[in-house]
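Letters A, B, C and D mark the chains as written, and numbering starts fresh at 1 in each.
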Amino acid sequence: MKILAFAASLRTASLNRKLIQQAATILRAVPNVDVDQADFREFDMPMYDGDLEARDGIPAGGREFIRRIQGSDGLVISTPEYNGGIPGALKNAIDWASRTEPIPFEGKPILLLGASPGGLGAVRSLWHSRVPLETIGAHVYPEMMGVPRAHQAFDDSGRLQDPNQLSRFQGLLLSYIDFVRKLQGTS
Amino acid sequence: MKILAFAASLRTASLNRKLIQQAATILRAVPNVDVDQADFREFDMPMYDGDLEARDGIPAGGREFIRRIQGSDGLVISTPEYNGGIPGALKNAIDWASRTEPIPFEGKPILLLGASPGGLGAVRSLWHSRVPLETIGAHVYPEMMGVPRAHQAFDDSGRLQDPNQLSRFQGLLLSYIDFVRKLQGTS
Amino acid sequence: MKILAFAASLRTASLNRKLIQQAATILRAVPNVDVDQADFREFDMPMYDGDLEARDGIPAGGREFIRRIQGSDGLVISTPEYNGGIPGALKNAIDWASRTEPIPFEGKPILLLGASPGGLGAVRSLWHSRVPLETIGAHVYPEMMGVPRAHQAFDDSGRLQDPNQLSRFQGLLLSYIDFVRKLQGTS
Amino acid sequence: MKILAFAASLRTASLNRKLIQQAATILRAVPNVDVDQADFREFDMPMYDGDLEARDGIPAGGREFIRRIQGSDGLVISTPEYNGGIPGALKNAIDWASRTEPIPFEGKPILLLGASPGGLGAVRSLWHSRVPLETIGAHVYPEMMGVPRAHQAFDDSGRLQDPNQLSRFQGLLLSYIDFVRKLQGTS
């Protein structure tokens, strides 16, 4: 099973990069799970523009995003919260990716994670981000996990410091993998 | 496999009762699918009140709702739209049902349908209703179907008149059943 | 100016009752502001049922709710979060109140508050509750305030203990009153 | 009073451009209303990237967007629906604009319109778009208007063909202007 994992942030020091790194480390230890850990910069693309699409088709970054989704059995996305919602860049990537048939998100199991320096842990972004993904047929896993005060959450090696939080995080990832297996008929 | 099916409306002539009847008819023709078709009046219960709960526990209608959810492998709910959202009565039933452990909705696959006399087919209610169900761990099927102008949608025998719409409706129900089977490991 | 204030909870020891009491105390000190502080039990009503409505009209508790909204220039509602969303009882009260013409919520400025024992302060309920209120024309004030860990937030006299939180709460209430005055043309 | 009006679409033949043109024509006929009709291409900007911001500040298109919002008393935005939600490009523009203090959307009255070729008239985008705007303090007008089957809605001169729809549209714009005047204290 291959899981595409990325943080929906372009910033090098992003807290969501740390969280997806932690998720990838845990997932790689699960038998029969491969992780395709992407840098969101690999999916660099312009704003969706129907004229551009008519002239040049889907841009290279969008085609790469589509290719990586198609090659995966599920996605784990760690997303920041911008203004109480989905980052524009993540929504734009979804918008471009939805322009191919069949829509690559259809039927894909997706786990949404989030990290924020504030006390709410990106929870509003997680709920706002479900909407477009479910609209195009993704099975967004019901449980999500937002890490509040994420600038204090990791130790120097990038590990979640709070053992209870780490344990919950591991449990969530394993439950999600079990869900992916069920959808594949391999559990 | 047993599917609990009900319309989240108390009104006898409810368009959502017609839609759930149509759904139940289709589901009963699927091999190995049993339908537990409930009348929402069976789940009559007072408003959630923590004092009432402390004194008397979950009321009879709530216990019946819980028992029926526990006995099912999935739920098909047809919901009206009240003021752009979930009917208070449906939310209240969810609120009471969530007061038992484990929460009976957890891990249940749910298909949301809707019917309305207007042009939008209860679409806003469908999206508003996902939120509490997903919060308590239900796998709400990504695709939903709202029937607009539902007062004109059924023939005298209660069948959806538009063959394209009927065909889409059947396809959605079968896709949902396939999803339930995958989650059960019986597909 | 008269502000209808209530907690959307039936429980006697509700944290939201404490928060609305704190809000009412602050509002009563504002010149030219009267507070109609209601107990949500005054608006006791059955589940919305179109047959019941056709036979008996809007029930007494619903008529009382409508009368109190009509007599107010704005509403301050403190709402718990049940399963990530609006309490069924609050939604049901809105559903019944919307059955009179003109809909009494239309054009009313509403401030949403919330309190919860958890770390998120009912924030998901606040956002979920905006939807039906805005659908029927209420001007829900953009800023809202959820009080997390609310079981520890009040001192014995019912006052918010954290001076910064209290100050923000007062500021929000005053900004809201200013908004009501602007809508009335009396600022 | 100056209203910034734009369609959140880059496509030249966008249905939302037609709708915002119709809105601008109506608004220009209202006494004391000036319309600053923008082309969304004027607000061309890269994806939000915290590293880019730290190095170069807000990009030129973002600064232009901020300047135009600051110079307006309100905004009328006509937005397409992409995958059941806000276009990534619109969200990205909001994300960049929110990076200046005070946030230029704060306290601004905003009217959301939408147009789509489908039957739902972008209604899901309208509701999804409210969330980030309200999060940063905008007074999003409760009523919104989505034009379904918009490819058939306009005559050759760009006018809404259905007189009832046109009349509702005019009424909504005038109600919104009245709301802006109230917030300004000039009604």
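Here, contacts are C-beta pairs under 8 Å (C-beta built on N, C-alpha and C of every residue); 3 or more make two chains touch, one makes a residue touch a chain.
Computed from a predicted model, the values in this text were never measured in an experiment.
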Where centres are the averaged C-alpha coordinates, which chain has the largest centre distance to chain A? C
Selected interface, C-D versus A-D, where C-beta contact pairs are more numerous: A-D
Compute the distance, rounded to whole Å, between the mean C-alpha positions of chain A and chain C. 36
Cα centroid separation, chain C vs chain D, in Å, comes to 30
Sites on chain A at which at least two other chains make contact: 84, 124, 127, 131, 134-136
Contact set on chain A toward chain C in their complex: 84, 119-120, 123-124, 127, 148
Given the complex, residues on chain A that touch chain B span 127, 130-131, 134-140, 142-143, 179, 182-183, 185, 187
Can you check the complex and tell me which residues of chain D touch chain A? 9-14, 44, 47-52, 82-95, 98, 124, 128, 131-132, 134-136
